[in-house]
Amino acid sequence: MIKNEAMKIVSQQEIAASIYELTLSGSLVSEMNQPGQFVHIKTGNGYEPLLRRPISISSIDKENNTFTMVYRAEGKGTSLLSQETNDTEIDVLGPLGNGFTPEAAISGGTTLLVGGGIGVPPLYELSKRLTKLGVNVIHVLGFQNAATVFYEEKFQALGETYITTVDGSHGTKGFVTDVIDKLSDSYTTIFACGPTPMLRALESAYKETKEVFLSLEERMGCGIGACFACVCHTAEDPTGFHYKKVCSDGPVFRAGEVVL
Amino acid sequence: MNMLNIKLPGLDLKNPIMPASGCFGFGKEFGNLYDLNILGAMMVKATTPEPRFGNPTPRVAETSSGMLNAIGLQNPGLKHVLKDELPWLNQFNVPIIANIAGSQVEDYVTVAGEISRASNVKALELNISCPNVKEGGITFGTDPDVARKVTEAVKAVSEVPVYVKLSPNVTNIVEMAQAVEAGGADGLTMINTLMGMRLDMKTGKPILANKTGGLSGPAIKPVAIRMIYEVSQAVTIPIIGMGGIMTAEDVIEFFYAGASAVAVGTANFTDPFVCPKIIEELPVLLKKLGYNHISECTGRSWNKHEQFANHRA
Amino acid sequence: MNMLNIKLPGLDLKNPIMPASGCFGFGKEFGNLYDLNILGAMMVKATTPEPRFGNPTPRVAETSSGMLNAIGLQNPGLKHVLKDELPWLNQFNVPIIANIAGSQVEDYVTVAGEISRASNVKALELNISCPNVKEGGITFGTDPDVARKVTEAVKAVSEVPVYVKLSPNVTNIVEMAQAVEAGGADGLTMINTLMGMRLDMKTGKPILANKTGGLSGPAIKPVAIRMIYEVSQAVTIPIIGMGGIMTAEDVIEFFYAGASAVAVGTANFTDPFVCPKIIEELPVLLKKLGYNHISECTGRSWNKHEQFANHRA
Amino acid sequence: MIKNEAMKIVSQQEIAASIYELTLSGSLVSEMNQPGQFVHIKTGNGYEPLLRRPISISSIDKENNTFTMVYRAEGKGTSLLSQETNDTEIDVLGPLGNGFTPEAAISGGTTLLVGGGIGVPPLYELSKRLTKLGVNVIHVLGFQNAATVFYEEKFQALGETYITTVDGSHGTKGFVTDVIDKLSDSYTTIFACGPTPMLRALESAYKETKEVFLSLEERMGCGIGACFACVCHTAEDPTGFHYKKVCSDGPVFRAGEVVL
């Protein structure tokens, strides 16, 4: 169930250039079940920023009633969030949306997890779940440059991990697709989250041969499916009136389900 | 003692708080968060004769104390609303105000004729002020003669009272209000959004795919208050006020300006529990301010304080 | 390399940043805080033929990301401005844009004829859009024919180029802009304030003694951007943009929309050093965004990016 | 000279119900010379509140480069200010306006200081200066009720002090004028700051027989004399175009100089 809670900050730290890891505790955590869901966060304490900020859940710790997000402090809202200190409570609405279904990966087989920039965080909880299910995971994670790389060791601890950077300052120079093209295609399933061009590339290359699940991003109003801010056309009716809402039908869709 | 009940044409409200059209869908999503029965009424998403996808995304952008939207009246169309949405809403003891839109007078007439016969639709809200559609929409809301004619046409077919939603994007809001009153409107709802725009720092291009969008939220509240203040003194039909309401204090300010009920739009995004919160806080605030009933606040900015509850019917 | 110099009719600007009329008096007070020579230009307080006290107080009220003012064009009158204020400003190497106002066409003509002959007055700003005075002011700014006539009358007597200041409180801003362009305006300044109001929680009455006031500040920026975007594509004269500018980023957004220079109003109250700060930050920001000169930003929201510096003269 | 400085919080505490005493340090203090001047404070760190808040200087400590304000946390701006903690810097513009002239009180004589509510603070620095000049001071300070009374002992340490409360919960029940009416009128000068009705009452009762100086309040835009938000008519031309600005000509005026 979706809940709204003033959650306590357990820890917040900058783990890469402008990339913050924030752990919150509260009873809302007990509602979190699926990797790839997100929360909607009110930053600041006035009308500015007015809108909440959607941030993916990057790991869930039910035992301690905490969950962790990883986000880039860039605009007004995320910058304010990054300044919050331990005494503060954060207004969280969630969990929202439909995430990744680890069950879609054939147990015992190999699954490819592809993340780009701030699309990487939700893959972490997913990868933990998959490995627990006995699925062999390969991670291909793309970043701008060495300074913005995060969670490399954490992913390495779960499975084979390739890093790409646009400027080549760490890992392979280029995009995630440059690495994927060279992988043996032993995997059956792809889970991906990142910029739309990356998702499009994966969709067009692997839609036919693999099970592909993509997590989308869109500017949001409500985050719960009521305002129609975040819709996309369905693939079956690409110019008609049928639609899916990224916030409540997604953010994760099967490749080919909606128009990217 | 009930301090919040209000009677308006067609509407017997347990309290004067309702979600504004387009900010609450057809209620289902918020129904997962709290019991919709607490609401005074519900203004549901604009309905057009045929389903509409609306504008391309991005459809929202943030501004200082406000937001822009260019949804473009996306809705599942009249048939679906009659068959699915309204019956679902029937489980609640909440009057529905159906927001109707279209590109030509016939569209309004089609939707009004059918939707006004749904058992839980107690009033229509004529959306002649949507800034985000190419045809119709706002053009109906900026020319007094056109506005009057569409009001008359809808009145002729509607089974329930008709409220006309005014656009703030006009030189003379009083003239618009008087035109639709002359056209037979039973009430007014105001204001819809102000036309605005935001540009992206990197590309220089509009953030919204539709380029322009409607500005809502606390930023526009002073404009809404001013317009309601002017219009409420110039018409005899009641006003449902909206535009930037975030708190119980804001609600009182709208009543002072001349509103007899209010709608809450954008605030539902900032705080999805804002409507229940306001409904809970209002009686406390009213008592603190020395009122016995919220209707005593209506028009206090301009009336002589003798005559209360002027629209209490 | 100078990245900020701009040439506009009558104005040879070292940078396109100037304080907006009414927010900077005649410069003396800010002159105590920093060297006014750094400013691109200065839009001084509205001048009327006779001295005016303006409206009763309170004259300002705060709103979400904005403020309301109802100063009511208080000014020491034409004679005093010519004898005292303008000569004092002569010590600075800053072109003065004289904002002129009145209740009838003759008032504008009187002030324009005399003030345009002052040596440091390089342009006039015709204030046909003040929402805070009973007569004149805004009525000139909402009727295209009236606006055109007052523009023509002022053009006939002015020794310097004439910029007309547009009111956002109109249904069709493009029509207004084209009317004053047809009347001979050399440029436009936009936007003036939106009409708004705030009510006191305890009394229910307006906070401003004048009841309504003009809304300014970041709250109105999206409206300003939208209007400049529309108007800049429909006229050939340059636009000095204003309405909620607080930062160098905001300045760029106004240029993208179609402005060729900007004025900073309300921000001077929040931060009296905002103009020097913006002037300092602009070149850094421009470089970061990849521009060599600020004129490259003008109209980027709608132009094809081939033709830069369209108003660089 | 008027300066703008990010000043450090030395201490902030609630000294009466919703009444805060805030001490700031910075080089701006060296510009402060006159009791009754004020500072203009930016509260919050966004555009809301947009306008600065005028607050009187209530005492100046040149040795330590600090000054103190006392204010009531009521609306948005002052509430935000009251939540600031020691690490924060406060954006201060000042000193502004023309304050009280202690020299106007005849040295060795007796001077009456009259304060109402949050009009009391500026009288404290004034009283310190007067006593230093050898002037005998009498304080009459009015409050709503016992809970909002502040600085009673501090004023007592400087001279005779009478407290009034509207509800009689502390000191004399009633208004400052109820006490003043019963004082022997040995004083030659009155300095007053408080609500306009109080100032009006003092003006009409004592303008002819005493030297009376009144500190006015008005809603402000710029605070420095540029925006014409805070003007009042001069007494000589009560309906004409002559004016004084509360922010830069005042806030202290001689009784009879401007229309209250």
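All chains are identified by letter, namely A, B, C and D, in their written order; residue positions are counted from 1 within each chain.
In this section, a residue touches a chain if its C-beta (ideal position, glycine included) is under 8 Å from a C-beta of that chain, and two chains touch if they have at least 3 such contacts.
The UniProt protein names, listed by chain, are A, D = Dihydroorotate dehydrogenase B (NAD(+)), electron transfer subunit; B, C = Dihydroorotate dehydrogenase.
In this text the structure is predicted, and so the values were computed from the model without any measurement.
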* Asked: What shortest step count links chain A and chain C (Dihydroorotate dehydrogenase) in the network of chain contacts?
  -> 1
* Report the inter-chain centroid distance for chain B (Dihydroorotate dehydrogenase) and chain C (Dihydroorotate dehydrogenase) in whole angstrom, where each centroid is the mean of the CA atoms. => 34
* Centroid distance [mean C-alpha coordinates] between chain D and chain A, Å -> 55
* To do: Could you check chain A for residues that touch two or more other chains and list them?
  => 47-48, 76
* chain B (Dihydroorotate dehydrogenase): which residues touch two or more other chains? -> 63-66, 217-218
* Topology of the chain contact graph, where touching chains are joined (line, ring, star, complete, other) -> complete
* Going by the contact rule at the top, pick out the chain C (Dihydroorotate dehydrogenase) residues touching chain B (Dihydroorotate dehydrogenase) in the complex. => 63-66, 68, 142, 169-172, 194-199, 201-202, 204-206, 211-212, 215, 217-223, 225-226, 229, 244, 249, 252-253, 256-257, 289, 297, 300-301
* Asked: Taking the complex as given, what residues does chain D use to touch chain A?
  -> 44, 46-48, 76
* Tell me, which parts of chain D touch chain B (Dihydroorotate dehydrogenase) in their complex? -> 47-48
* **chain A residues touching chain B (Dihydroorotate dehydrogenase) - in the complex, by the definition given at the top** => 1-2, 4, 42, 47-52, 76, 93, 218-233, 240-243, 248
* Contact residues on chain B (Dihydroorotate dehydrogenase) for chain D in the complex? -> 64-65
